[in-house]
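Paired with chain B in one complex and with chain C in the other, chain A is shared by the two complexes that follow.
And then the complex of A and B:
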């Protein structure tokens, strides 16, 4: 019921300069939507249009089935958490949280009750009489969340709420926001540039770039079936390895692919998918995630040998920076596999690698769209 | 003694400290010579029948000068007039200045033009604009011309500048008109320092424009309001030129303010140095008390303790 629907929404700042183009999205009533993309991709603008802080140039926005294009922010039944918290510095924590209720003339004892309950949930009960400047970043973040929750709105909008926190606190708050999402049972729309936040929190991810939606899907879909080179490269860390201009040949109904100086016969599943789409011979971009390349064993057929340049020990795993001819790429291997890679600076060794061909991605060299 | 001496020795041993003193000296010397020394001297003078003539002896007068001030009706009128000027100019300058700042802050184009236009009166000469205002309010002035020859409201010129309250109101109008620009600049700077996010959060929280002004804007420019208030009150007590040019304190010292009365007593006729010093000291005391009271009322520490 209480979902958000955007239909062909545009935002034009200056003449011909579109921050958001043709944005369409429909959410369920209990959904955690994450808008993710690099800075300037239009994700914050989209959120602000939903909040009513920005006018929309064209299109329609519906909240809970009602057209809200010209509705004041206060009438949209939304709450928003800002990146810099935007707590009122001259008010106590209590008043910061209570203000929206005071404005709506909610009886004092009910306000008190609700603020106390929210403060209890967020663990800020002992700070209610303090001013925001007497709080740490994490506590301020909780107050900002409290201010949003106390209204019991239909939709929560969160604009990079964790980006001002240190790494440890960010992980902790991430979990708490997920818990809140389950406890409140409403729709969250969350903007971030951090793909880890997107992957861990979202039930639905919207990947954006240059004001355009690149892909909408569950974290799993986005990760395993990226619709284009941008999404494939943006989601996942370290990012997917791309090999440009690799010849894909179709001969006698069999697809072969040449990259990293090796000619591979593609596995059965890929063959079927490619022939279903009637993909012709040509140059493609090959994408391989670092974890889909491993150190080769005796049994492996198509081995690729490459030069190890740098190894980065991460604890449970090691990132190996490899080079073959002009191509450099990264692979991710478990730490225990070879004790040699645990040392920093073991370089200039040649390694035999095996590629999980069933997991590679093929993109059109021109349109950069996934071929499968 | 020895510890204090060694402490002083170690203070001067540090190169930074010597440099600090060297840098502070010119400023301290100027302030000392032209501010602190005259204040102390004035305080001393207020207890003497002070003479400035060659080989004249200044007789110790005790509290005679203060008694003279308190029994002087004209001094009472001057102080009352100063308060009238202050009570009229300070709030109106601030309110109009804030309104103008709010309007300029709300527009996107021509902000520089408007700022310049409102600031022009501030940088024009007091004497020049006071003369202009005298020409508006004098018997043959612009205002009477409009009332008599254009609107035909009256047949005889109205003596705006020759009656106490109208004359003071006319000078106050000059003070307000000339002060709006300064307030506008100060308040505009304060308004622009308020992050826009507060207003966005407020509009989502459901505050309308009026509520945003009283709940967000005003509390966030409280410090600026206090600053402006103190500066303007001190400025109002220092008003001199508008009165001097527009009325000269006439008729019969009915429109004198503190400074014009001091000047008259000291230099124009009687050379009553001690009397003027005593009155000056009293005015200083009044301003100090007002400033301390204002800081007490506005002080953020007090609020913190309350909560």
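And then the complex of A and C:
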């Protein structure tokens, strides 16, 4: 078992064009790290640098405490699962899985034993004599996983392994990869652009954008305490509602916030956090998750009324697309709250809403960094 | 949507009137005749005695009294006929093997590795495709003399290999460009080297294009006459096409019956190869060319 450490790693492709900048990360010995971000954010490049398939421009990469900057990929004791499976179409499933052992001249009987064991684990024993083209997408993905597992490497690198599968199969394979992670007890580094995969699988998430690390943390931390507007908007579906240029006022030690045409006195906890950071009056970006706005009841103070534009019935919940003046936002309410939202043609109804002020996020309007 | 597509396809087919279709077939038949008549004439002449080869009016099919196998008898009982066949097969096979090995390695390197001068190298290879080998007869002959390759089958094999390698490389590179890089990378991660990738992935996956160029190269080496006639002067080293030319103006006349009999015999392997491997001509060439 081993961990990976990246220290101030840079990757420059053309002069001045950095795919990855100042990337630092340290993993534990049994950790599921997910690099997540939009296309072109440098997550795959980072993974390829760990694998040794890309040279690094600056910085250091350690695997199991050993500096591997100039080490050949084959000597790093890592296995990689590629997005398009990278199976050899002219070889049988058995040979595809056995290839890495054959290259390393492992005795034939041991190869057979290990391939059989891996195939058993992944439920592909009956396909060992087939060629990859005779397998479904999910089965091919299992073979690709099998090829990585059979070597018993220290680190697993997975580059968007589920993105070629349909939604149902993706859910199923997600669970299987999590089981595999627990069974193997090694470090997994997983690249995806799908925030659901990141949230469900990771023990540690690295959010990236434009080659820069935006935040590193557990799924819970990333979701509940996003460090900036990018992370807050990227994680969560539907994404967090943002209200730009909202005046935050500090008067007599009390913070008040105006957004959605209403002036709110922030709750005690937020007051303390803001005054500890000595946040001054000014314009802020307010972030509210769709589930933190609900339909108001009679007892609620500070109600906000907004126009319902569209309701989307998702079965267990309803997404309501609301509008108030120029601001559009989405709220998530349980299906039972009001059956009429599951009907079509309810547009242009005015609804009273209550906002969970203790759960809102305040971001600096200039730096877009979380103020609390 | 599908119905619309179907209809538009039907419309497209309907565009051709019966008159257009018949013109098309008439043109195709004319083309076919242009190709086939010389072959028929060749076979028929090989079955006629030399003195009536040019009798007038022209008869494509000799009469029963005229038909004779004496030309074949003479050609087959020439003391060196099977030596010629052997030489030709050696030259064609060696050229095919060498060019396949060389061009597949070159194609793999140019397709996969970024090294200084890579584009220049590839441009030079492409440019040499434009120059027919025989256009450089004199400098090549000097080269052959320097390396003592005159009157040596290697002189034919090596130069043929040099001639066919650029086009083969171009074609195989087009094919390799479409093999996903992840397949190489997976082997690197698994502990393989460049040669493991070449042997385990490239040779296997690019085999349709290698097979296609190999068929072409074999036929080229089997049929080429200009260069081999220039440097193979000894009778026992001659290849079949060169051997055929020995009947031209021998004893101040050309024994056309012998020429055509030997040509017919020389065509047999060519036709066999074409019939057996014809799918590689089309599939390999088109896939490499279109995608490349």
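Everything below uses one rule, namely that the second predicted complex is superposed on the first by the 371 of 372 C-alpha atoms of A that agree within 3 Å, B and C clash if a C-alpha of one lies under 4 Å from a C-alpha of the other, contacts with A are read in each partner's own complex, and residues count from 1 in each chain.
Keep this in mind: contacts are C-beta pairs under 8 Å (C-beta built on N, C-alpha and C of every residue); 3 or more make two chains touch, one makes a residue touch a chain.
Since the structure is predicted, the reported quantities are computational estimates derived from the model, not experimental observations.
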Looking at the combined model built on chain A, do chain B and chain C fit side by side or clash? clash
Between chain B (first) and chain C (second), which, if any, makes contact with A:131: first, second, both or neither? first
Between chain B (first) and chain C (second), which does A:116 come into contact with in this model arrangement: first, second, both, or neither? neither
For A:100, using the defined touch cut-off, is the partner it touches chain B, chain C, both, or neither? Pick first, second, both or neither. both
With both complexes overlaid on chain A, does A:71 touch chain B (first), chain C (second), both or neither? neither
After the superposition on A, what does A:354 contact: first (chain B), second (chain C), both or neither? neither
Per the contact definition in the header, classify A:89: touching chain B only (first), chain C only (second), both, or neither. both
Pick one for A:279: touches chain B only (first), chain C only (second), both, or neither. neither
Of the residues on chain A, which ones does chain B touch that chain C also touches? 51-53, 72-74, 78-80, 82, 84, 86, 88-90, 99-100, 103-104, 147, 151
Within the complex, which stretch of chain B touches chain A? 195, 197-198, 200-207, 211, 215-216, 219-220, 222, 304, 307
Interface with chain A, chain C side, in the complex: residues 180, 182-183, 185-192, 196, 200-201, 204-205
Quick one: which bits of chain A touch chain C in the complex? Just the residue numbers, please. 51-53, 72-74, 78-80, 82-84, 86, 88-90, 99-100, 103-104, 147, 151
In their shared complex, at which residues does chain A touch chain B? 51-53, 72-74, 78-80, 82, 84, 86-92, 99-100, 103-104, 129, 131, 147, 151
